[in-house]
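The next part holds the structures, each set out as structure tokens.
Below are two complexes that have chain A in common, paired first with chain B and then with chain C.
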Partner chain A sequence: MKLTRGAALVIGLVVAVYGTLLLYPLLRVFEDSFREFIPGRVGADANSPLTLTNYTDLLHEAYLSYLWDTFRIGFIVAFLGVLLAFPIAHFVARRRSDWLRRATIGLLITLMFLSVLVRVYAIELSFGPTGFARDIAPLFGEQIGSRFYIEFMIVLGLLHYSVPMSVLVLVGTIQNVNPRLIEAAQALGAARWKSHLVVTLPLSGRGLLSAFLLSFTLSISAFVVPMILGRGKISFVSNLIYNRFSELANFPSGSAVAVVMLVISLLAIYAVSLLASSRWEGAVR
Partner chain B sequence: MTVLELSTVSKRYGEELAVDNVSFQVEEGRIVSLLGPSGCGKTTTLRLIAGFEVPDGGDIRIRGECVSTKRPYERNVGLVFQDFALFPHMSVEANIAFGLRERGVPASKFPERIRSVLDLVKMRGYEKRSPQQLSGGQQQRVALARALVTQPSLLLLDEPLSSLDAKLREALRVELRQILTSAGTTTIIVTHDQSEAMSLADHIIVMSKGRIMQRGSAEEIYSAPANKFVADFVGQSNWFTGRLDGGRFVTEDGLSIAVAAKAPGGAVELGIRPERIAVRTKGAIAAVGVNALEGVIEKTEYLGSTIHHWVRLANGRRIHAVVQNNGQCFARDGESVQAEIRPEDCLVLAPEA
Partner chain C sequence: MKRAADNVLSVMVLCLSIATIAFLVTPLLIATVMSFDARQFLGQFPPPSLSLQWYVGFFSDAYYLKGLQVSLMLALAATTLSTLVGVAAAFTLDRYDFPGKEPLSAFFLSPLVVPHVIIGFSLLLFFSTIGVFSGPIPLIGGHLIITVPYVIRTTLASLVGIRKSLTEAALSLGATERRAFWKVTVPLSKTGIAAGAVFAFAYSIDDVSVALFLTGPNFYTLPVAMTNMMLNEFDLRIAAAAVCLMVLTIALIWVLDCIVGLDKVIGQGVYHK
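Then we have the complex of A and B:
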């Protein structure tokens, strides 16, 4: 294929912009992760020898627990988010009255624009040590400061993103499911809930997957929510990276954590979508 | 035995009365068609029978049992949608097995039931296909099989042929009739297409504005329409307004036609079907008692099997006549002719309120 001069110019420009602004910084992180850390120095010396120490250090179980917490909570949030969003999305998609649909969607979009700090402190106020939950939590055998309770607060904080986003993704999907199919299932003897289980749910497969992956990626890269609500008892990998870079000034180690996080995230998302697409192949035209 | 009985059923959507005091019965094994234009309430009636709507008044009984407030899955009614609504994520076999499973048929009986219903609709060998791999006609047959496999008390078909290709429609109509007859299930067909209703059903119920206009066989409805709406919806007619006067219909502009109606005198409407008008050369000798109206051919449409003429009568009125193309010469534009009408072909109806 022959490129015209104009096209070559445009492509060159785009490559240059993306290269310097996005790709180069990432490569720098990648490079730094292989350099030796010199205590007291901010950032690795460009001439320091290449090493794998930054990676082998991460095999320590203290680091693995960060990864475990991040992905475990991310998975829980994404799962709960999609679960809670599905009925709301169904309500919005199947409503006859237009204003109710608009009001619900408007509310959800507003919710997404709300600053993360506002949400986090709102949760802290209601569910933290000064909130109403202080007296309720013990009824379930939990203390406000317990690890489980803190994890619950983080999940709650992340659901604030996960639910509205999943709803917006799922509304379109559910609207595309022919309502006649649900009626057909009912005419064949399936109760209402069952008709949704065997028709709406499998035909929304792709949408459910997108909603899940969006929630999952947003959750595992969360920073403010685990930092404030986690009270230092639960930290995500993002908090670890921040800690390495800004508090210890150990750029090589921070870079290594960042690279590991990136690779695992990509693998996890690839695995989930591979699994799901084989399951739902043919389900959606 | 009466399978379905609707008595004074009404359904209202807001201010609009979609179904207005409708009553009818369907006997075992009959094929009945609800015929009418869109918005006449036929689809709402179907949805009431299926259980997707609850009537505001009246009573729906299936085999004597009142089902007015029962859910669709609590009624034993088979339903075939206009777009067939086959489950796209299931094979043909799984689509058909769905109803068997939901109706609690033991799984050991599935293969035999599926085989026999696929034999009925002539779709053996397609078990593993997905609905997307089937043509429209094949999808319809699978939808029929899916509805029939549970042996419903009543089969409902919503516009069964309208989503198919115009050319296919006629062939599939014959096939559908065969399947319905050999299935022997009591069936209700909702349609806006008169030829669909006439060829598929042994009994037709014509609806308009939520009410039943007329019921009867195709022949009764066509040859003796109860009112102008039915006469116009089922076939075409030339209409004249005038009065009956001693066995003759007369209009103010001087038309006088002998009619066979026993209706009392007074203001009436006269309808004449285009194909009941014979167009012959002027001066031909008409049979005894047959009306012969003189006129000139104003326009002719040659449509192959039929030829349409528009004849300007002596009093200035124009009438539409359709003659069979039997290969003999036919009248041309500008020719003087006489339109011959037998008194028994005149539809004499009370004027519209």
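Then we have the complex of A and C:
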């Protein structure tokens, strides 16, 4: 149907809401990131000179280490998440509609919906100093407060979301792999593990990659998990934005970090959407 | 030989799956048990005896209660607003054709891909530019923009499922456009709208990243209060609060299951008939 005046008005109103609450604030951040920092102001002065220092400052070694921590931990979490999720997803996908399948799906969706604070607190209680840290830390030959153990806690905290999400992404993929192909491989003499390695895995490659990229994107933009479990020793880029605001009130620098982070997240999301679209199929074959 | 290797591997994979599920569930159980700890201090698991003291402490602490009150009011306001805006947007996108419709839909869903920290930070800059520093308005705005895309997505999904022939049948039986819309389209898309509202409520009540930028010492939400307490003193009232949030989540999932059915959320796939 063609657009009526009333409908155009509705669309206009919604666009106005998005413009005020999303687009304009983001443009402000972009503009601020090029302004000079003047202490004691919320946001940069509209007349202050344009500069690139907010960005060039980020090339300093200290900042690069934040970026490195964020990406390294994000990569580890995404990899482990997909690895641990695959067997569970396979189990759910190959089951007929019975109570165990429904219970597992219900549990996974509940886990995904769970407040991040609940996860973080539960992990801190269980794996922190009052939990089983004293039993676990020596297994790695580490102290409870060491940098490695803190990193381990952050990985656990991020996996707590990433595993259920990857399972739900992969269930959809594995369900659409024809089970006859595996039966055929086994009937022709392949061992069960080999039939999965050669048939199931390659056929769900796209799902695996998109689960990986989704976990990676969500992990590198994580905020609460590194803030609380990192105890100030390990911070992600997102924590840097918050610290710029809460500790230094340096808005232009915070804006520059935000712009860099937004560009990285959008690139990762773009990769996911390429995977989901049909254009990808030509590329892999 | 092949059989044996196969069986050993299957058992190993099964053990890994069970260990993963255990890793996901055990911390939540430990936190739940610890919230009933009768000791006055935060001690080792398991607690020697049980009591309700941390729940009493949580529900009689003015700091938490104020946060809880703000959170509930905020979630209701944000859910109502984002349902109104989202449903209006979804219906118009579904019913009308106009140039630039595809990019506009993508734009309406775009808050999903912007990290929440950045949304919080940009809104802080924006609201301080126009001179609003605290109070409910920035928070309602922030929660509106992060929850609207969920309502739009679920409503659009339910609208796509409604066959055009149903509306055409109503029209050929003499209903006006308007009547067909209210009597056919709206009732059939109820599940999508309700699911969107549940999503909006859940995301609003759990949000930390946006609210942390937009709250002050006098106006804050429960998750912000819990975050501050976790960073400062790590006591077990937070466990009590966490258990309450968990119960709320389970209740919301139950509602979602009643509305759409969880199995439908992921579907059965093409090879399951």
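Keep this in mind: the second predicted complex is superposed on the first by the 243 of 285 C-alpha atoms of A that agree within 3 Å, B and C clash if a C-alpha of one lies under 4 Å from a C-alpha of the other, contacts with A are read in each partner's own complex, and residues count from 1 in each chain.
The criterion applied here is as follows: a residue touches a chain if its C-beta (ideal position, glycine included) is under 8 Å from a C-beta of that chain, and two chains touch if they have at least 3 such contacts.
The model shown is predicted, which means the values in this text are computed figures rather than measured ones.
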Key: Fit-or-clash call for chain B and chain C when the two complexes are aligned on chain A   = fit
Ask   = Between chain B (first) and chain C (second), which does A:Val116 come into contact with in this model arrangement: first, second, both, or neither?
value = second
Task = Mind working out whether A:Tyr18 is in touch with chain B, chain C, both or neither, as first, second, both or neither?
result = second
Ask   = For A:Phe251, is the partner it touches chain B (first), chain C (second), both, or none of the two (neither)?
value = second
Note = chain A contact check, chain B vs chain C, more residues touched by chain C
Message = Tell me the contact category for A:Leu84 with respect to chain B and chain C: first, second, both or neither.
response = second
Task = Applying the touch criterion given at the start, work out whether A:Glu183 contacts chain B, chain C, both or neither, answering first, second, both or neither.
result = first
Message = Between chain B and chain C, whom does A:Trp99 touch in the aligned arrangement: first, second, both, or neither?
response = neither
Request  = Go through the superposed model and pick first if A:Ser126 touches only chain B, second if only chain C, both, or neither.
outcome  = second
Task = Applying the touch criterion given at the start, work out whether A:Ala191 contacts chain B, chain C, both or neither, answering first, second, both or neither.
result = both
Message = I'd like to know which partner A:His160 touches here: chain B for first, chain C for second, both or neither.
response = second
Note = Overlaying both structures gives a minimum C-alpha distance between chain B and chain C, in Å, of 6
Key: chain C-contacting residues of chain A that also contact chain B   = 178, 191-192
Task = Could you please specify the touching residues of chain A with respect to chain C in the complex?
result = 1-4, 7-8, 10-11, 13-15, 17-18, 20-22, 24-26, 28-29, 32, 42-43, 84-85, 87-88, 91, 93, 96-97, 101-102, 105-107, 109-111, 113-127, 130-132, 156, 159-160, 163-164, 168, 171-172, 174-179, 191-193, 221, 223-224, 227-228, 238, 241-242, 245, 251, 254-255, 258, 261-262, 265-266, 269
Ask   = Where on chain C is chain A touching in the complex?
value = 2, 5-6, 9-10, 13-14, 16-17, 20-21, 23-28, 30-31, 34, 42-45, 85, 88-89, 92, 95-98, 104, 107-108, 110-111, 113-119, 121-126, 128-129, 141-142, 144-145, 148, 202, 205-206, 208-209, 212-213, 223, 226-227, 230-231, 234, 238-239, 242, 245-246, 249-250, 252-253, 256-257, 262-263, 265-272
Message = For the complex, give me every residue of chain B touching chain A.
response = 50-52, 71-73, 77-79, 81, 83, 85-89, 98-99, 102-103, 130, 132, 146-147, 150
Sites on chain A touched by chain B in the complex = 178, 180-181, 183-192, 194, 198-199, 202-203, 282-285
